[in-house]
Amino acid sequence: MAGFIAYRLLYVLPISIGVSLICFALTYMAPGDPASSIIPDDASPEVAAQIRAAYGFDRPLPIQYLLWLWRVLSGDFGVSLSTGRPVTDEVIPAMMNTLSLAGGGALLAAFVGITLGTLAAYRNGRLSDRAISAVGIAGMSVPQYWLAMVMVAIFAVELGVLPASGMGQPGDDFGRTLSFYVLPILTLATVPAGIIARSVRSTVSETLQQEFVQALEAKGLPAWRIFLHVAKNAAGPALAVIGLQFANLLGGSILVETVFSWPGTGFLLNAAIFMRDLPVMQATVLLLAMFFIVANLLVDILQMLFDPRVKSARRG
Amino acid sequence: MTILSPQSDYDTAPDRGGPRQPMLIVQGLRKHFGIGGGFNGKAAVVRAVDGVSFDVPKNKTLGIVGESGCGKSTTAKLLMQLIRADEGEIILDGDPVAMSRGVSLRDYRRSVQMVFQDSYASLNPRLSLQDTVAFGPRATGIPQAAAMRRAHDMLRRVGLAPEVFASRLPHELSGGQRQRVNIARALAMNPRVLILDEAVSALDKSVEAQVLNLLQDLKQELGLTYLFISHDLNVVRYISDRVMVMYLGKVVEIGDVKDVFDHALHPYTRGLLSSRPSMNPRQRRTEPPLSGDPPSPIDPPSGCRFRTRCSFAETVCAEREPPLASLGLDQQVACHAVTPGSGHTQASAGEGASQ
Amino acid sequence: MSVSNAIDQPAVRPAAARNIARTFWQTLGRRLRRDPVSILCFGFLVAIVLMALFAPWIAPADPYQVNMLQRLQPPGTEGFILGTDELGRDLLSRLMYGARMSLFMGLAPVFIATIIGGTLGVVAGYAGGWVNTAIMRVMDVFYAFPSVLLAVAISGSLGGGVRNGLIALSLVFTPSIARVAESVTVQVRTQDYVEAARATGAPAWRILMTHVLRNVAGTIFVFSTSLVSVSIIIASGLSFLGLGVSLPEAEWGMMLSSMRQSVYLAPLNSVLPGVMIFVTSVSLNLLSDGIRSAMNVKG
């Protein structure tokens, strides 16, 4: 077991290197000279050459990559081209905003998904099961940016009960601040809730069909105690799905944040793309991907703690 | 059954070495599988096949027996070159295989074919029987029409009328019929050696007998040489000319089928034979049948690998590995207790036992 | 994003379930015909496809005809069955034309990714050893990005446009298809019939074509179909961010984006393109579910 965790931890290393390579390559995939975005338009050729040398653009690519990686590892992502502030000052607060949104969304999705999924599994094949399954499919098929617009149309425009965008003012009272979270979190939670509900439904109903459940029933155990046994067996797979969904919320938040003008990483990334602010773009993508990697790692380890058999089913 | 001139579309390798040249000579075949490894797991080695040597005379059947895990099937796959041996040499009718100036791997593969145990898993579920049988000839460059003709010939030869069966799919057949298809597929390559790895073990007894008889007929008609791997000693006795007993990746006894079955010399062979139930109370043997499971091939016992389960084990058995020594006319045994001069207290008595 | 269902796909068993063989497609069709939900979804999808194909002949108006006097007319207005958009263009016609680009962006990247990812996965699975390690570890790296993030990052740096969107989305789906293809191939490759084929000395490509491909294609196909709805959603998401098709081309995601501000004035009009995306995606998911359960059932 310790071996598996150690292996899984070490495996993060090559993957992270690969991810950093892709992030580095993003700059070079962009059309045109990557240095041109840093060099002012009115710079003389001599100044331009100086800037190139200063940023290492005159070195061979592998060296440039290593230099960039070294700076990143020491926490220096460069300077934002549009605001002139250090990239870290832009990305870190945005990351916090994204995490609070994704965390809230994941909690809500897990709660709704587990409840609906378990209910559906216990009502196997009946109308309520089919209804819940349909809701699950609908939930996972919905385009989130559209759902966000629908939410705004209903709750902010028609009913006028919730704010449509932003995070409010620093001086707002707690209730007012919270109200800004409601629509984005509801929107974010929909798709993962549908996916979690479907997955929990299939895991729980598989578990319910196992012989040990029949044995427990034969023993005359009350239903709620049987449920505890079932829950213990279904926990591992459910946990895996929830963890993956949390990780995906980080990516999915790009569009939702844009609709709600939520000052998170997605909003920042979107702005950076249109300003061609490559340092900010690189940093945002890299940080989000690293979060994703760590989240996947934690899911794997947690899942293995719940069910040691997982280890043998996985490669490596 | 008339021979349907199977050579018409084919170049058969001629019998180069003459009748006295063994069809197959295997020397020092060795395959160790690495398992585990990784960051904390110590890399362990399974000695699946650990220095196996034997030869098979032309047009004879060599039976290979032993408990599961003794290396029978690995030996088969090594002989098929489906997995690469770590060491060892294979000589086909006098020509070394996959060496310069020897038989090429491609030619060798065509000359040696195999029938697998699981008749279902060994047939592609999406291919009709004729396509399955014709695949091999097609792959060797025979035109489509000729390959089909050959497939039909082979199906007919194994007792499946092509008019009825040629375009059927594997799931439409019974187990015995599927195994016939497997035999036809192997024969379509016009092989000289057929390896049968538990080929009849999964069949019902009555079907098993039919397939065994078919194999006997084919062997005579086509001049085939068989390697017959099985855990069923009665079947091995029925079909084999020679028999080889394996234990933990090593050959412990090899010899003429009558000699080995009637005068087994190795304690393991005797144990195996006496573990068969016998109907006749007078034929029941007095030796204790084998008890316990074989030790792990990852960390086999020192010296003689059988000593941990052997009632004749002495210190010499732990110190030295018994070589495969010739005893009797055509029988070789790897046991200190029956090898004269081995230092085992029963060694002298063992000399008499072989006569 | 329902991108995530690209990730939590259960390991799919090779479609070589014992009881289905040549009549595979017939069996599948027969079973699907017994499932009313699948029929309904299939019918709806056919309608969308027909609508997209014949848009120039059946659209009631020119989708690019701007009419500033008739902006954001509600659905049911004389002459505009579904109303107009923020520039007074006929919404129904735009939705019909939009289906073309949206369906294309749903199907094309999945098709490309199936060819590339399927090939990589089958080769990796069949070859094993270092070839497998090299291919699958590279796939793992791309897999380490959330799908939407990868799509946005790539098309963001390549720049907008259909071609770059296509490249980005194909890259997003390739690793997951490669993973599925690899795992089925590994299972098929250890089957005795592949060993038997190897024993004939047949070249690897021949064994791959005859024995491996036929037995893994079904599984890869089913998995790929489940990605089409994801592709439609991410593609419209890219257009929504301004990274997909360029104005004034009609595309559902793009239409949603351009009417984003109109949500305060004409909520119904502005969400209509999303309804199209949603219904198409639900139908695809339900149909893909139907196909999957039809294939897993024995009999």
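For reference, chains read A, B and C in written order, and residue numbers begin at 1 within each chain.
Heads up, the rule we're going with is that a residue touches a chain if its C-beta (ideal position, glycine included) is under 8 Å from a C-beta of that chain, and two chains touch if they have at least 3 such contacts.
What you see is a predicted model; the values in this text were computed from it and never measured.
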{"item": "Identity of the most central chain, Cα criterion", "value": "C"}
{"item": "From chain B, the most remote chain by mean C-alpha position", "value": "A"}
{"item": "Chain B-chain C separation of Cα centroids, rounded to whole Å", "value": "51"}
{"item": "Centre-of-Cα separation between chain C and chain A, whole angstrom", "value": "22"}
{"item": "Whole-Å gap between the CA centroids of chain A and chain B", "value": "56"}
{"item": "Touching two or more other chains - residue numbers and ranges from chain C", "value": "none"}
{"item": "Overlap residues in chain A, where contacts from two or more other chains coincide", "value": "none"}
{"item": "Residues of chain C defined as touching chain A within the complex", "value": "1-5, 7-8, 137-138, 140-142, 144-150, 152-154, 156-159, 229, 233, 236-237, 240-243, 253, 256, 260, 263-264, 267, 270-271, 273-274, 277-278, 281-282, 284-286, 289"}
{"item": "Sites on chain C touched by chain B in the complex", "value": "16, 18-22, 24, 191-193, 195-203, 206, 210-211, 214-215"}
{"item": "Residues of chain A touching chain C in the complex", "value": "14-16, 18-19, 21-23, 26-27, 29-31, 137-138, 140-147, 149-150, 152-154, 157-158, 191-192, 194-195, 199, 240-241, 244-245, 247-248, 250-252, 254-255, 258-259, 269-270, 273-274, 278, 281, 285, 288-289, 292-293, 296"}
{"item": "Partner chain C, residues of chain B touching it in the complex", "value": "77, 80, 82, 105-106, 109-110, 112-114, 116-118, 120-128, 131-132, 135-136, 138-140, 169-171, 182, 185-186, 189"}
